[in-house]
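The structures come next, written out as structure tokens.
Two complexes follow with chain A in common, the first pairing it with chain B and the second with chain C.
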Partner chain A sequence: MASDTAAGASKTAPAAPRSRKSVTGTRTTVAALFLLPALVLLGALVVYPIGYSVIRSFYDQSGDGFAGLDNYRALFTDDGIRTALKNNVVWVVFAPTVATALGLVFAVLTERVRWGTAFKLVVFMPMAISMLAAGIIFRLVYDQDPDKGVANAVWVGVHDTFAQSSAFPKAHPGRESPLEPAGGGAFVTKGTVSAGDTVTLPLVGVAPDVMPDDAKPAAPPEPEADRITGTTWQDFTRGKGVGTLNGVDASELGYAGMRIEAVKDGEVVETATAGADGTFSFSAKADGAQLRLPGSNFKEPYNGLDWLGPSLVTPAVIGSYVWMWAGFAMVLIAAGLAGMPRELLEAARVDGANEWQVFRRITVPLLAPVLAVVTVTLMINVLKVFDLVFIIAPGSSQDDANVLALELYRKGFAADQPGIASAIAVFLLLLVIPVMWFNVRRLRREVRR
Partner chain B sequence: MSTDAGSVTGAAPPPAPAAEDGRSLGSRIVEWVNGGLVRVFLVVVGLFWLVPTIGLFLASLRAPQDMAADGWWKVFTEPSQLTFGAYETLLENDDITGSLLNTAYITVPSTVLVVVIGSLAGYAFAWMEFPGRDWWFLAVVGLLVVPVQVALIPIAELFGGIGIFGSLTGVVLFHVGFGLPFAVFLLRNFFAEIPRELLEAARLDGAGELRLFVRVVMPLAGPAIAALGIFQFLWVWNDLLVALIFSDAESQPITVALQTQVRQFGNNIDVLAPGAFISMVIPLVVFFAFQRQFVSGVMAGAVK
Partner chain C sequence: MRRTSRIIRIRRSPDDHVTTPLTRRTAAVLAAGVLAVSLTACGGGDDDSGDDDKGGGTEETRTTVTLPKLDGARLQVAAVWTGAEQANFKKVLAEFEKRTGAKVTFVPAQDPIINFLGSKIAGGAPPDVALLPQPGAIKQAVDKKWAKPLGAEARAELAENYSQGWQDIGKVDGEQYGVYYKAANKSLIWYNTQVFENAGASEPKTWDELLTTAQTVYDSGVTPFSVGGAEGWTLTDWFENVYLSQAGPEKYDQLAGHEIKWTDPSVKEALTTLAEIWGKKDYVAGGANGALQTGFPESVTQTFTGGDQPKAAMVYEGDFVQVNIGETEAEVGTDAKVFPFPAVGDTAPVVSGGDAAVILKDSEAAQALVTFLASPDAAIVHAKLGGYLSPNKNVPDSAYPNAVQQKMAKALVDAGDDFRFDMSDQAPQAFGGTPGKGEWKALQDFLKNPRDVAGTQERLEADAAAAYGN
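After this line comes the complex of A and B, so read on.
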């Protein structure tokens, strides 16, 4: 579908008929009747507002007093607008280039597989839906909770594959514990241990469902000559309470895998790991040391990125934009590819160029005009981006995600500052004027032929 | 052409492998691996593109308490969670059904008016003679890229003045105004390609300007009108910003109705997910049914 239609569709803007004579020799009044509805509507709804906005932007917020350039000065002094401007720059730089680059890669690669058409359909589909729907879709994707948002679910999955997560979040000493906090989330015994002693390191507070699967009922430490033996376990059973305070009860589980360090004069002299029943032992080297449970045992589990928090919200929303518009770039570029002289590519391949060289030296330069049109189109589009930011950025970080179109809406309709809003509108218009001029020039050549 | 035999798989080129004497076994293996990588890459990317939408769909088929507990992918292990409950509740909600109707009431007239008014003007620009014709046309083309934002405040005041602020009429008019430059541009270019002989023949048969337009030009304009119509239809159906400003509680389309729910995102996912999905159904049907026209509309509008 996409590729051949696309090829057939690029026939806009043909030259007008050579002769400027009307076929019917119409009178101007008839022409005026045909044009009237369009010109009246365009005049009232597009041209008049441009003039109005320009004039309005020089008046104060009530519209009574002439304000000179004050509203334009606000563009660069108002914090909200400055954030919006900054974000718009980020948008204009990254969104079109990323979407175009992806579109180019997809267009080139889909030529090499049989099901390229199906792929194009999938990537192009988001163009058909509203930005509101896309916004809701991505609110769901970016949900902070890794159990709900797919982005964080994947991210945490990848993260935990490479970084070990801690086993005992929130564990802490109970009443009259022999342990005390030692900074950095670690706990340390109040006294020192000596060879032949037994030590108990009870903690509480680990939710039953996050206890390690291999944890067994804790066993009290067995004294051994010349060694220090001990048990670390959860001194609490759901439904039964603490039982013997700081003593091992039959129903209590050992902290299987808990890491324990023997510390003498601030240096770790030996480390041990608790077995399934929570028991561990140290050699005589640890004689006179304090036992420490390092903080790495108790870290909160990794919760993924705060996608919609202040620092990531703009990249996150740009991601959703790319999801929507990469298909547009892909289809236009695929149409350009279809019109490319195949012989040129084949000739290069015969001459021994590899695929990368063909892509870099022939495909991309030949596609340059298409790439330019796509990028410029997306830039214009990005300048006006509103819905996605409005929907995806939650209230708490909307200020950080602000863009000009959103700020115009806020200033003009929520904050009742139509003067400043008009200045933003005129500013947006100025930004697209080069493209307007380019369009008109290109068409004038064709119309005039 | 991308899908036909020539470039098939990116593996060793199928045509006449015997003639490929210059190619070593090694380079063929490299190509085969590359082809495999390309496929894996495209499959991963395709999933990347599909998963968000599938997620929304599955989320809409789960009860709110399930959504509060865990992610939509849970349905793969517990398919019994699937329910149409949220859709049933939603379709009994008058606000939502009413706003869906409003979306139709806004979209259909906007599309028809843009096509009709745009055709009349496009025809005049292509085939009639009057002073300054090309300048007028270029002026219209210049308006192609004017951002809608420029018109929000002035038109709000204008509509307030004539009493159509907050009405369906206002929303429709705004969409027609901003749909026209593209419509005139596209149709004028299409009409200009109609063979002159055809029009002259009809003229010799005594057809007047209006008759020529209705009987000769419009029947030929099917493809252009389809492209324009689909494009305008989706544009208006999917609009949020214009309706957000120019409609009120009575006349708001589905996008605005859903937008008011977004502020409490976590709590009303049972409205948002099925609502968003329902609002997507028509555009998706239109998209799949008229891909060809949609693509040509998008391409012609590349600079809008």
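After this line comes the complex of A and C, so read on.
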């Protein structure tokens, strides 16, 4: 209704002075003269490049032959471009909505806390960082090595509080070992043992610095009547290799705490744990059994998630984008929030609405125009995302993280396909136009109001 | 000063306020520390170049090449080198400036340099001289009429200092366009001597011995290999060494020219051999996924840091690895040693690479610069700085800073014309030199799934066919 009357007013306004001069009395030539610099700049820097890109997109790789729609056909048949398209859809759907939602939450919450401004400042701060720097930061955050990447450090920390890793992660049988792999990471003796026997279970490959602190030099097993005794130890002497093959040498350490199972017909009949010098013993019950070192001894330390691997790379990069832009959304929404009539909120509260209802039924609907502007602005922004993907995704998963703007760059400057690159550019432009049109229309309506 | 003021403040402030100024202080000190570090890091490079210029000037009296006086001439040189490599090359340019009076600007280019030059030329401002890393790129530059032939002085200098093989790869259709200023010996495996000593391992000469060595190292509790798989070129280099040694030079040349298909049995054999290392559990640092996210520089540094317990014991790559070793505390020759890539077939491979200087804008100054780069004078200046090998046979061994370097240079020059140029560098850019595409990507996928030999071959062949256009 309001816009109707406003539109009516603006229609009648220019109708009044029907002369060649405008309201302020300037001639059209003078107006043109003043507009000229801007028009020339716009023409040279915006219109001409767009026009040239459109023309170039119809020519082949060298730019000499007319290619018709071939470049556009390539757009929808090339695997790389198709992944890029798919990823762009994921980006456009998730990045703006998540950033806006987070911005809304921050804006509403910061309004209520005492240090709201300080908090806003912190959330907004990433906006002051260039995309490139943010990319480098997040390349480190997502580093695979838990000692370097914060994301994996946290993830591994959480994981390890629930599941302990073992002391002998990479231990394995050496040459001519009496042990053989038994599946599931376990090792089992090739033969069976009988009472009165001594058994040696040599392994290699445990780094000296991860050996348990209480490990002592290994002791050779002492035979005992009616019992099976044995030693399990690191059959490797520093600087000398294995030393006596499958025999205990003086400086070799016992595997303190290694668990050993005696297995008969697939059933565990007895278990033992090696002492500090690697010795263990079984009772006569284990007679005729095979000895097994269960896989739990050798469980690899958990190494965290493969953030920048093929499957997680796009969500990971979107995460870094949200980190940057949630602050932007928050500031705009907070501005909208400040301009909101308080009486409505008060009235709702007086009527007995709880905070969630106030938020859901009053705040969000009243903020809808602002939310729409923020989302749409972010959408335009997301369509052209390039730097974050280019920097964060390592070469090996760049294909999986591909987006249109990156593919444009790769086709144009790495694969030397300017025709296809131009076609991608035109396609991106077409994608942005409806969103832009929406934004311009909205802006015009705002102005009229 | 900062520390004293902090102490004073803590003493004076009432107890309940101690924490805030303290933490704030620490933050400020930290920030200042970071700033100082970055500042010194920036300043360091400049200081170095200044010092070494002076040093080079007094010590370097040897001149074998006569250069014209070029006061007032301005030159632009484009190359893809970064970091220490770039800084060292700038010192060579400084020597040229000193001798001729010309002003030379280094233009940092991006890979692939040929496309970088394309946009520069389209913009009407090509650099005068560019260093092209691939023979294929020289041919492309000639085909597009960008490159200008070398003048008589440069050709004479080249004939005097270079073996026929190195001259020939700078030729296109019989005309000399390129001067191979820099060479790379890409058939080397670097190892951490401490780890080898602890494990009692020795330098292998054949592939089987390499596998035994790897097992010995693995038994000692250290992962045998570090692979920088985030950048595909390290993987193609691995493949090329295995292939050249196993299938022989003839097949190598045929595959480089795509005269035989990548589905050839010889490729299958090479990939299967490669999988004996890439595919073995715990043989590659970080596993396949970790390796695919490890950049080349990190693949080197993680091999030579960590004392007795580095992330890996061996790293395969060319002579330029020592530049990255220089970033660690390890000393080349004592802590880090090198052995030639072992023979997989009958003879050990010698795969090399190199950067050729090509003139894009013909002028007296540009010709003079290329002549200078073809002379031993330029190579000696660069050789002293390390991380550089020259195919120039008149560069004395003594010009190189250490024994390892001398050994590599000697091997390269002694190979005479028996070397083979990096295969992926000979292939079209789209196949052999683009991140995330073609051979780079196919071998990255292979590292991830080393059982899929046939599938890898098919992907390689499909990409190769598209790139070679046959």
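FYI, the second predicted complex is superposed on the first by the 318 of 449 C-alpha atoms of A that agree within 3 Å, B and C clash if a C-alpha of one lies under 4 Å from a C-alpha of the other, contacts with A are read in each partner's own complex, and residues count from 1 in each chain.
Here is the rule we use: a residue touches a chain if its C-beta (ideal position, glycine included) is under 8 Å from a C-beta of that chain, and two chains touch if they have at least 3 such contacts.
Computed from a predicted structure; not experimentally measured.
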Which superposed partner A:140 touches (first chain B, second chain C, both, neither): first
Between chain B and chain C, more extensive residue contact with chain A: B
Touched partner set for A:364, first chain B, second chain C, both or neither: neither
Which of chain B and chain C A:398 touches, first, second, both or neither: second
Partner chain(s) touched by A:89 [first = chain B, second = chain C, both, neither]: neither
First (chain B), second (chain C), both or neither touched by A:170: second
First, second, both or neither for A:209, with chain B first and chain C second: second
First (chain B), second (chain C), both or neither touched by A:372: neither
Partner chain(s) touched by A:413 [first = chain B, second = chain C, both, neither]: both
First, second, both or neither for A:328, with chain B first and chain C second: first
Footprint overlap on chain A, comparing chain B with chain C: 143, 394-395, 413
Chain A-touching residues of chain B, taken from the complex the two chains share: 1-3, 6-10, 34-35, 38-39, 41-42, 45-46, 49-53, 55-56, 59, 67, 69-73, 117-118, 120-121, 123-131, 133-134, 136-138, 140-158, 173-174, 176-178, 180-181, 184-186, 189, 192-193, 196, 199-200, 203, 208-209, 212-213, 227, 234, 237-241, 244-245, 255, 258-259, 262-263, 265, 269, 272-273, 276-277, 279-280, 283-284, 286-287, 291-292, 294-296, 298-300, 302-304
Chain C partner contacts - residues on chain A that touch it in the complex: 80, 143-145, 170, 172, 174, 204-210, 236, 238-242, 303, 306, 308-309, 394-399, 410, 413-416
Residues on chain C engaged by chain A in the complex (per definition of touch): 110-112, 114-116, 118-119, 197-201, 216, 218-222, 229-232, 282, 286-287, 289-290, 292-293, 295, 308-309, 429-430, 434-437, 440-441, 444
Of chain A, residues touching chain B in the complex: 1-10, 12-17, 19-26, 28, 30-32, 34-35, 37-39, 41-42, 44-50, 52-53, 56, 106, 109-114, 116-117, 119, 121-133, 135-141, 143, 147-150, 153, 323, 328, 331-332, 334-335, 337-338, 342, 355, 373-374, 376-377, 380, 383-384, 386-387, 390-391, 394-395, 405, 408-409, 412-413, 418, 421-422, 424-426, 428-429, 432, 435-436, 439-440, 443-444, 447-448
